[in-house]
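Once you've had a glance at the structure underneath, I'll fire off some questions.
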Amino acid sequence: MPAKVSQKKNPKRNPLGKVFAGNIGALAVGLKYFFDPNRITLLYPHEYIKLNKGYRGFIVLIKEKCISCSSCARICPAAAMRMLSVKVYNEKLKKYMIKKYPVINYNRCIFCGLCVDVCPTEALYHVPYHDIVYENMNDMILSLEDFQKEPENIEFKEGIPVKYYFDERRGLVKTPYMEELEKRNEKEEKNQKVEGEGEKGAS
Amino acid sequence: MNPCYYACYIVYKVIVYDIIFYPPVYQFLIIPGLITAIIIAIFIIWFERKAAAYVQMRYGPWEIAPKIGGATQLLADLTRYAMQEIITPQTVDTLQYLLAPIVMVVLALLPLEAVPLTSVKPYFPIPSGYSLLVAVAFTTLSPLFITMMGWASNNKFSITGSVRESFMITSYELISVLGLLTAAAMTRSYDLVKIVNLQMSGKWLGLINPIALFVVFIAVLMSTSGFPFEIPESESELVAGPFTEYSGLLYGLNMGGAYIRRWVFSILITLVFLGGWAPYRPTPGVITGYLIPSLIVSLKAVVIMGIMSFLRSVYGRYRLDQALGIAWEILIPLALLAFGIGLAEAYFGII
Amino acid sequence: MISLQDMIKEALGNNIIKIEDNKGYIDVVVPLEKLKESAIKVKQLGFDHVKSVTAVDYIQKKQFMVTYHISSYLNEELSRHVLGLSTFIDRDNPHIPSLATIWTSAEFQEREVYEFFGIIFDGHPDLRLLLLTPVVAALKPLRKDFVVKEDSINIEVDYAAYNATKWW
Amino acid sequence: MGSDNKEKKEERLNLLYGDLDTVAKMAKESLIKGKIAKMVDWATSFSLWPVHLMTSCCGCEIGAAWGPRFDNERFGSLPWVSPRQTNLIIVEGTITKKMACTLRIVWEQMPYPKFAIAMGSCALDGGIFYNSYNIVRPWQVIPIDIYIPGCPPRPEAVARSIIELQKMLKNKSLASKWILESKREDKKYIIPKEDLCGWRGEKVDLTTRYD
Amino acid sequence: MEAGTASSGSGIHLPGMEIAKASKNRYEVMIGPAHPGSGHMRIFVEVDGDIMVKVDPDIGFVHRTMEKLAEGREWIQNIPLFERIAILDACNITLPYVRAVEKLLGIEAPERARYLRTLLCEINRVASHLYGMGIFGVFLGHSTLYMWAFGDREVFIDLAERLTGARLTHTYPVFGGVRRDIPDDFPEDARKATRYMRKRLNEYAKIFLNNPNIRSRLENVGVLTKNQAAELGLVGPNIRASGIRYDVRLNEPYEAYGDVDFEIPVFEEGDSLARAWARVEEVRQSLNIIDQVVTWLEKHPRENFMHEKFWKTAPKLYKDVYEGKISYSPKYRIKLMPIFASLKVPPGKSFARVEAGRGEIVYYVESNGDIFPYRVRVVSPSFRNVIAFKYVMPGHRLMDLPAIYGSFDYFPPAFDR
């Protein structure tokens, strides 16, 4: 079915209705939300959104899987990823060989995910967080070692994870993401058992 | 006795009892003057932001003091303003530029000199049979200095803003004067004490003559550039209107000035239309004669300010010619109508 | 129904150098002298606005191609098609009659082409720079002889000497 | 010793004559000490008002960051209209050569203590437009305190940058020091204003980068 | 003919700042570029009393030279590049480029991909209109509308994020298909979101469009007749508010728009209020389309959302990724073949147009058979709307400037490119 054209007009009101009904309607809606605020705010440092697995956040390299094909660097629209030549000892041939690994510069990265999608061996993956800030631009140019580590995320330490779900009446509604919390609590308990009583104050 | 001690005692006594507790000074500086006005402004700006945040599905100022909903937010803002650099651009008229905000704030508080907050005579600031007239006359002074600020700033936006402000002054002044003087016609008196005393029986003038109250309410919104009449400093075309060039403490004064004016007007409205300290009857004594009635008046005034602040979250702003049209074509006939109704009610002895 | 191509052939007559059905639009090439005349004729057919004014720099042929992509709003039959009215001009002396007086919608776009290619639209009501500062516009950035360098993807250094800041 | 005494004497004399500069300096020094300095830092950190300077497309995420879901007004930060009353610039993305002059002028119009956040990869190293002929890097124009990577960064990252800036303010007491010294030593401009607004820039080494 | 570009005179001369001599009683106000009412542009307004006499938009403050950069980048790298024209409408903005290149390649996306593109396009359209309404609200001093619109926009941004993995810059359509399929719980969420939004639109009307205060600002302000709108070549809801029946979705249906059932709202008045209402009605229609598309996607099997040519050659790992067998990988994600990194497109010229949120966006793509495009010409909706300021604003009052400006739903990065 192709689209249809529907002819419409600005809604018209008689002068009296314009003054009274309009004002009262606006005030009523305002008062309704004043007394029943539909607050969707994320209290950020105390809560953070547990992003889905598919979120295109910071990128991590799995060095073992990399086959030095340079696809990621070639497809990068911002030239944020480049190939760094590294001498690697080859066990079979028993000699040093030059191999290329990608390094990334977050000063330029636009998080389009093309590098991850084009990698033929899945040697790159996204971590689902994206809220790290830096005081220094040089910190954002990662070395090969840093590129293999997942960047440290502060939000885990400061807040609890929440998830937003859709609601017909309220739009987005947030709830604490219990699974994640339980997982984390278990981890903490384990840590405490291992490390003993001394660390209790810190948590 | 040590003469030095004696001298100190006398000085202390003079300063405390004869100067600070001299009603005009006390009223100007403490209740309901400067200090109370600042506290009220802090509260009401916080409330304005919070109320807007409630309507707008969010929290508003919060992190600064989570337990009390961020109520200390404005303290931080004021401290920041007070400590920031005060920039005096090269092109401004320096003396006017620096003096205008200060004079504006001082003059904004001047009407309080004529406003009695109790019916007990020793606590009147200036006992006068024409206190309503004097107060109304004083309210018209401070807006002139807003116009002056814009002129002294020597900035196109500022000047346009101050021209708009002067347009607004000429239109709202007549309305508020007409509206407030309706009370005089109804009560056959210019004396605020008498006007309040007549309302003690529960017949508040605002209830008897709601049109006059409505007209004055709108006129106050216009005069203090509250929404939907926030025209002189409408940000989407005039940046900050007359205040565009002001920074630091001077801007803090400006920001407070509008709220102080609104506060003074709210007290006037309370006294004239909402029964002042009714239903409480003051008796001699500082607490029962002055503090309790002024507290009642302040509470009522705060409610009025709260309603004015709430309008921000519902309305946008009118165009200048539309606002002036509302003033001249709708509100002035309404004010005249209210005046007529007041006269009729007075004639038939309803009041 | 006659097809659009026939309609245009009929209207423009022997002004047409070449007419071809490109992907998504019908391209009509007219000589430079006949451009304004053809534009008026095309407008009479009902093409009432310009969608885009494009210039392409063929540096080897020493030519610019200027294309007006035009279509119609008021005539619903024509609005399904896009017509490209193209002409070739000399690269060394880029002058072209302005069509902004015929279609007002071309005004800003011609200004843009003027600043990016240095093509001068004769008779344009208000030929000024639009987007760029004078210094940048003097480079005529969209011409092919203004080359923007892309970074290479390789870091030609061994790992130990990799100094992060230097290579970006 | 002798010269010291002389200076002190001069200072006293200046005081006596009512030299306003000396008095203002002394008053400032006595004010900005201990508790008051801490209070200034506290107040500034909870009153970071960004100026309305939408430079590029990250502006949409700024809108979202001050919108209801992420609501940065919780931190006491209120987007304000006139640069004279604000103390924070958020550079939202690309700064073109046409805009750079504006950015510098806005920065100069703001009263100190003032801070800057660069948002988005375009504001760091050009991002996807790294080799464009019409952009400059914002850190060449104004001193930047915090960098946010991403294109565009999430609104949480903007909130994070404000939190970090608050921490920086409190730990390093940037605001009170700035008020005391009337200037900030650790940040400086790279491109002089004449070059920015006149588009010459021949003498400037644009490859330098400070941190 | 370099006149008017460089004026050599005494005093400081700032770029782009041509100071015209003002006559008596007139003065010039510069709105922008760092001005709350201008966004990323500058408007020279010559004011006679309170009436605007001459308005000259000075744009280019966000000109990021995309057309030039595109000539040095590979075909696929240009998708994220052109996305930055208007990131809040990312899918609509890149789609015509993808379609133009597909025309050159001689391929067409499979049906499921076409529906997925339609879905994201409509989600973006809703988000874009809400953004425009929010900015409009702020221009008229109505902060609540701004907050509401941005809050409800989050609903649709969240939907898009679940679909593509990014809030705004989706980079979703690629040549021959799309990059991801919908997650399993997506249809239900989308339906809830549309139901919620329909209810909210009524409240928007109550607090904003039917509010007498706002109505009086918008009615009979910035009136454009049908012929004027056509002459100026405006696009999008702005012309449909003036009574022109033009919508690319109607006149040249692309993707799945020929198969879904929806209406094109056309208004007659042509004033600012009609333009605002046109957007609200369009949001309603977009919600209908989202519902229909989601239902279609639910019914049909999940395969073939990449063109056969590319998908057939995929090795096993690619299918593992699609099924979500790799732990850190999202389900239903498609991997791009390395061929995309150096794709050669046959020579030719092509032209594509798409109805983006703000109006029609037009791409002219020329290839000479290389791995780079020879020339890409983009004419974004805002660029065609900006001319309206020059011709519509004069004669109105200075305070009408934001009312007209906002009603055209400008987005400066879009016209600067």
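Chains: A, B, C, D and E, in written order; residue numbering restarts at 1 for each.
We take it that contacts are C-beta pairs under 8 Å (C-beta built on N, C-alpha and C of every residue); 3 or more make two chains touch, one makes a residue touch a chain.
As the structure is a computational prediction, the values presented were derived from the model and not from experiment.
Among the remaining chains, those touching chain B and also chain C are A, D, E.
Taking the mean Cα position of each chain as its centre, B sits at the greatest distance from chain E. Looking at contacts between chains, the pair that accounts for the most C-beta pairs is A-E.
On a Cα centroid basis, the chain most remote from chain D in this structure is C. Core chain by CA centroid proximity to the global CA centroid: E. Remark: chain D and chain E have CA centroids separated by 33 Å (rounded to whole angstrom).
The centroid of the Cα atoms in chain C and the matching centroid in chain E are 22 Å apart. Taking each chain's centre as the average of its CA atoms, chain B and chain D sit 36 Å apart. Chain A and chain D have CA centres that are 28 Å apart.
Chain A has residues 26, 29-30, 39-41, 43, 74, 76-79, 105, 107-108, 110-112, 138, 172 in contact with two or more other chains.
Counting partners per residue, chain E has 15-16, 35-36, 60, 63, 65, 68-69, 72-73, 80-81, 144, 147-148, 151, 154, 169, 207, 211, 213, 245, 416 as the residues that reach two or more other chains. Of all residues in chain D, those touching 2 or more other chains are 67-69, 71, 74, 81, 97-98, 125, 128, 130-134, 151, 154, 199, 209, listed in ascending order. You'll find the chains touch as A-B, A-C, A-D, A-E, B-D, B-E, C-D, C-E, D-E. On the side of chain D, the complex with chain E involves touching residues 51-57, 59-61, 63-64, 67-69, 81, 83, 94, 96-99, 101-103, 105-106, 122, 128-129, 131-135, 151-152, 154, 197-199.
The part of chain A that touches chain B in the complex is made up of residues 26-27, 29-30, 33-34, 37-41, 43. Residue ranges on chain C touching chain A, taken from their complex, read 150-159, 162, 164-165, 167-168. Interface residues of chain A facing chain C in the complex, by the touch rule stated above, are 70, 73-74, 76, 79, 81-87, 100, 103, 105, 107-108, 138, 141-144.
Considering their complex, residues 27, 29, 31, 35-37, 50, 137-145, 147-148, 151, 207-208, 211, 213-214, 216-217, 397-403 of chain E touch chain B.
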